[in-house]
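Paired with chain B in one complex and with chain C in the other, chain A is shared by the two complexes that follow.
Showing the complex of A and B:
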């Protein structure tokens, strides 16, 4: 049996008593002196979605390579479908995070090519591609070149290719990195359906909202599995309660509560962890009642007003971060060496009025208005191609708008003047460091280009190295850093000159949860010091960190406000529905026939359902399921996440006449 | 006083910490790039050696077929006159002119000579004797040269058995070959190849170094810093410029030691003018880099730009052999001016007094290319 966890899985849809499809026992993998995997055990049953969740360099990719038969283990037993991995290869589909497609072949040609390689009979290819492509929403794009598909469509096509010879096992190594939320959700709907058809799926993901959709997950760190269980069991097993606090003066309140957490790390009933979000604080406490009392007491003593306090359950991110913190895996936050206090300013740092941009006949951005103040974190959210990057490029002067006006740090013209550029920081989607230079050389270069005074230069470079946990390793070639670390160094390089306005274009794509949390610690520190920050992201849990967000749909800003307000403005209600494990897929199909497909999502053994009206439609749900003889185990309303809100907004806008 | 102050403030800005930081980064990158050092040393050496030895317009040992229907002493003398200077090689004696035509057709003979039965009689009469000549015209250049030789030899041909004694031609020329007394073709080619090599290397190295920044996304970051386009470009160019001057020196040394080429001009002036040309080469590369998106694209584009530049420059084929239109067009070709300068300085030892129009042309082209690249640099991302 796998390592025991506080609560064992409630029961994925298993074929009872059968041998596990994936069997991994005491797996070790060493590359020279480096031990990547140090004794992993787990088993995955048929039709189960099993998630491997861990930081960069935790040993996930090595495990995938071994299961796919690409690498031999140094020690331990690995069985796939009862066979050694190499022999089971023809029954396994493998998908990596880089698109393994030929960009200059069409969708159908790619599929046909892979089918030919895997020796699928000619007649079957035709039939299966006619079946698979529409399932993935690619039915209308058979002739399109793979290179011209969006990131989400590419991954769906890659999945089709992996599915063409009907594998019994799917290995997915971070399949949705860089894919926008709408496409990610569709991708996971497909996975849920495949699991319903008893395909066994092992998936690695840095996104914890995706982990929620796995039947069971394993937290992996330092080459070992720290915990296994259903997402629900892991959250309960943490034994903590999460408090959502909304109050004025969040920064002071956060500092106060963090102080209490640090003072008394093991005390009874006290505060364990505090996390700052865009319009709330999350406080993890050991005991709900005593925690609430303690928080109220602390805030009252400092005369800080508490507007709202909600008691709720911890998230998977809480589980992840808390467990890894117990391992001591987190560098301490350090204050940025500033040259002096900045005066408070009330004029907007970034303002856009009726901003538009056309590319030929295509309107990428239409009439966008926005305003970001100093010290504010503003999130620009949307699907791929919604116009986020075009907007950010116009705001920072890299791209000329077709119409409209931009005000940046008080200037409306000459956005490219040397003086103004010296006060602005920018970090693009791509890695912005020179791989062939050392980390220190890279930082020294940006320090020189921004003409940072010599006295400060050394201090700030040391700050970047220390806050990334890279002390003493400044002479390492930057190209050798794993993605997540490189992103943090790139962030350090972008803020070396302590900018007044900071643009971050998808700064955390592919960064693991621990690094991401630390990243946001740094971003919050700059916001507190008065820097205006505009950030785009695909990762909507992360968008909760923003003070205000704005959703772009097809180049138009459709809604803007605090994360709480945006969620509250979402029409309709979200329901969670639990039916017996074997009926999940059937229930979903049934409901999708009545309502638009986006309103129904499968989350492991649960269904999420978005309904516009409450009772009348709920009655219909009950009646439909009753007629199909599906028993409802539970049906209750749950709050919208920001991701639900975005998907709802995008889908409604797409459905509405233009 | 004002221009001086302007110059000083410009120099101050240029050498300010920002430019130094950019420059330092470029030098650090170059120091780590072993590929670049190889690229700067090996291809130029190989190209100079290969072109210097292999390129030779002299035509020798052309296979000649003879159909001798006259079969006399005078016809044998004629054949001997044609083959004795090694231009032609008596390769075949086919029986009929039809066989001869077939051999020329097949390519085993380059030229064919048919001496008719009346040859001896016509000569003996002192009247004009006719022979028929076939030349394979596929290689027009060789054919032209072969024709020239045949005409020259036939004109001077006086068979010993001829009735009339040889008459001296009315005009004779006493020819002195200036600058290249041995008429060694490598002396002509090596300076040309030197220009060719510098063009290729300068444009490729600068284009790749710039496009790489675009490829990896660092260019976008660079454009968001206060560094100006000029600073970024100059910092890129300066270290390359120094390295490419090493190539200039390498070419001079190779020309001297391997091919015995003299250097008759003023060396500092030569290095200065070569520097000017390097700016043109780098400017071409920079311009290509601003229109291309990937390294692959820039390499292919450079190929299509560089080949015509080389071919219309007079590096290999003389400009005089081109049609008038292309001859005037080649005035816009910077390589043509540079090669004229190199040949002038190396072989003739002339200075600016003779070469100033070419130097001026290079200066104008360098300035135009650099200014255009800098102005395109900012806007290239959109």
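Showing the complex of A and C:
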């Protein structure tokens, strides 16, 4: 883990301070008939981290290509550092969405190549790589082939390459997708430091928790910017309060509250929106007091017990979803056409004992135990390469375990038998649809493979189309669908036969928050009908949707339990510290000298601080900042997120950083 | 040399060295092709099976039969039936010679006799060769037996220049060089170019502000060096295995080979720039390469036989000119006065291909319509 090093000098000071570094006005980009970008405007000031937040197909990458000078806009004005993008190329570092380095070259060779292309003087290359690589934690890996680096290290290498020419502007297109949470935090710490050195950063991300670390963000959807502002302002601008409810019989409570929200969307009632999570409900209300009263009243009338209710602020996801809903159409959840009621079962649907798998000398999965009941949503979490996919493959019989035992839907052997396969659904990470067939043909193919009775086939295929919002478009070629839609169709194909056990491997990567919510609506529907669901994801915010979760780190399970229990088990406290804007980086550096670096994170203009004890350490924080003459504007405790919990656990397990 | 070109070239060579596929393409496959083409292609037919039906059964007819089989051109077919036509029908013999029952009697009486010769005309070229051969053998037989007294008043005395022993490898092997040294360098260059697009690494290259010319020169230079090594191996081993040596001044070949390799690399780069996937690039390069270098270059079939308008295509195939250079170096030995022009043509073809590739790369931006 890199210790923060003394600030390096940034590029030459910017001329004429007042001009924005990035200036985008009425930008349009069309590919033939497809309009990817439909008139966006934004400006980014020097030293700012500006986030473009949106799903796949929102128009982010096209915007980046244009800003990097790789693509000409169809219409509109774009200025980078006061120049047309093509002329500014030498002053801009671009980290592309796909890893655009050479896996068969070593770390140093990649760096040298990019430096050569960008005409960095021979002497400078040596010096700067000696400086950059250790900063990114790659100091010891100069000779390693880039293809053999972990996802997080690859992205850090890509960032080194983008920084070798000392750019004034950094364009980062989804730099942390699929990267493990610890590396993601480190990556953002580096970005925060660079911004402190007046490097201007435009970053695209599908992770809403990362959006919190930007100074300003723009919500982009369907080629248009829907909202711009600081994360705080956006959340406050929503004018809503979020209530976290924990109660028994969540499903009934959710149905009840949803009914209230739907009854009078603009009426006198206070409830605006209800979202089901793995072990709680989130209710958005217009007014905190009236909302609480209304919720309590509704639940009491049905004699549902409320265990716990917390009043808190809305999340960025709430902002995004509310905003997009105002735009209109979204497919309504539809009940799946089932052939009959399923009997309740209490035996575990999936059970694994001491499951291990090695590939040669590499231990991909080590001694994993887990148990998933019917009707339960179980989240298998971890970064790319943590062993999630290997575990799933062993659980559904695609891969023989090296050691340990698997029980699947009551069977311990012959997991690939035809009879058992007919009761299992599996949606893999890679699309399993045929691009050159139409959507309907794809679904008909899977209906045939699973031998679904003819009478049900049409009904279920229509259900998939309707629940994806694709009615009447069944004859479209599947290849023409954007990523997010394709995933929903793939989900539909995986559940056509109404499986008892459903494996979902990264079902929601690249899907926008509205679609993702709808996706989870479908998953919940299947769980309520008694299907056991095992889902993997690297979005930790999404893990809140699961009833129980299990974190894998390097093939080992490190935490298991309900999301609330996992967060509650996290020792220590999380504090948010606000200091004057110019002092953020200095305060972080100061605190990192006293505490381990992972305990201190920069979130835009705030600092997050993980302390094991409350008062004694807080006193020390105040004293240290006071001595450095940094004024504390606010310092208060905030709740842990699942990600905080995971990072804390991993870092404590790893012991003191090097 | 600009630092960008050098950086590009060094990177290409590093990648080339790490990849087994490209290493195989650069050294193993060219050698294999050299051996296959060098040994497999034989234009002159030898050991043609023919069947002789001797109805005469006299010493004279037997001595005629012996004379036929005395050369290595014909050998008796293993046909055991009595109908020679059947032997041709079943493909057991390419020709049948039928000696009439009164053959020796009529000859001894000083009368003319007829031999019936049936030749399988399926392979028109070889049918002619067989016919001429049987005629020549018959004439020689008559002279030998003293059945023709007078010598003809005009006799053509021919002498074969450059290749007096009619050694066939001298004709084939220099041509093989032209095929191999075109196909493989262009394949390597095309793969190197299209892979950047397929793996999206081209984005980084575009964003760096490197010019199209610099990118092409860097990549081209790297594969020119690889091609040079390939040429050294192929030509060195080829000379040893097929025992062909320089006939004269080797400098036109040296210069010509460099230009030719450069031209092949530029051709590969051009196709790499224009294709969207590695598959398309490999198929395009090998199909066009084999068709032109094998069929339209004069490697096997004389260029002068190619009809209009295909002859126009043949005229712009660099392999056609390189074959002349290569054959001059190994067979004719005339040197610069003989092939100076051809060296120039190869150079011009390289420059044209380079300009085309550069034009196709255009502004070093993404194609419109390529999407995300």
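Going forward, the second predicted complex is superposed on the first by the 629 of 658 C-alpha atoms of A that agree within 3 Å, B and C clash if a C-alpha of one lies under 4 Å from a C-alpha of the other, contacts with A are read in each partner's own complex, and residues count from 1 in each chain.
One rule holds for everything that comes next: contacts are C-beta pairs under 8 Å (C-beta built on N, C-alpha and C of every residue); 3 or more make two chains touch, one makes a residue touch a chain.
These numbers come from a predicted model, not from an experiment.
Colleague: Do chain B and chain C fit side by side on chain A after the overlay, or clash?
Modeller: Chain B and chain C clash in the superposed model.
Colleague: So, A:426: does it touch chain B (first), chain C (second), both, or neither?
Modeller: first
Colleague: Who does A:398 touch here: chain B (first), chain C (second), both, or neither?
Modeller: Once the two structures are laid over each other on A, A:398 reaches chain B alone.
Colleague: Between chain B (first) and chain C (second), which, if any, makes contact with A:101: first, second, both or neither?
Modeller: A:101 contacts chain C only, not chain B.
Colleague: Considering only the touch criterion stated at the top, classify A:441 as touching first (chain B), second (chain C), both, or neither.
Modeller: first
Colleague: Once chain A of both complexes is superposed, is A:248 in touch with chain B (first), chain C (second), both, or neither?
Modeller: neither
Colleague: Look at A:112 in the shared chain and tell me whether it touches chain B only, chain C only, both, or neither; answer first, second, both or neither.
Modeller: second
Colleague: Looking at the overlay, does A:312 come into contact with chain B only (first), chain C only (second), both, or neither?
Modeller: A:312 sits against neither chain B nor chain C.
Colleague: Do chain B and chain C land on any of the same chain A residues, and which?
Modeller: none
Colleague: Residues of chain A touching chain B in their complex?
Modeller: Those in contact with chain B are residues 393, 396, 398-400, 416, 418-419, 421-422, 424-437, 441, 444-451, 494.
Colleague: Which stretch or stretches of chain A touch chain C in the complex?
Modeller: Those in contact with chain C are residues 31-32, 34, 36, 57, 61-62, 65, 68-72, 86, 89-90, 92, 94, 96, 98, 100-102, 104-105, 109, 112-119, 122, 145, 161.
Colleague: Spell out the residues on chain C that touch chain A in their complex, using ranges where they run on.
Modeller: Contact set of chain C toward chain A: 3-4, 6-8, 10-11, 14-15, 18-19, 199-210, 363, 365-366, 368-372.
Colleague: Using the touch definition from the top, list the residues of chain B that touch chain A in their complex.
Modeller: 16-18, 20-22, 24-25, 28-29, 32-33, 216-218, 220-228, 378, 381-382
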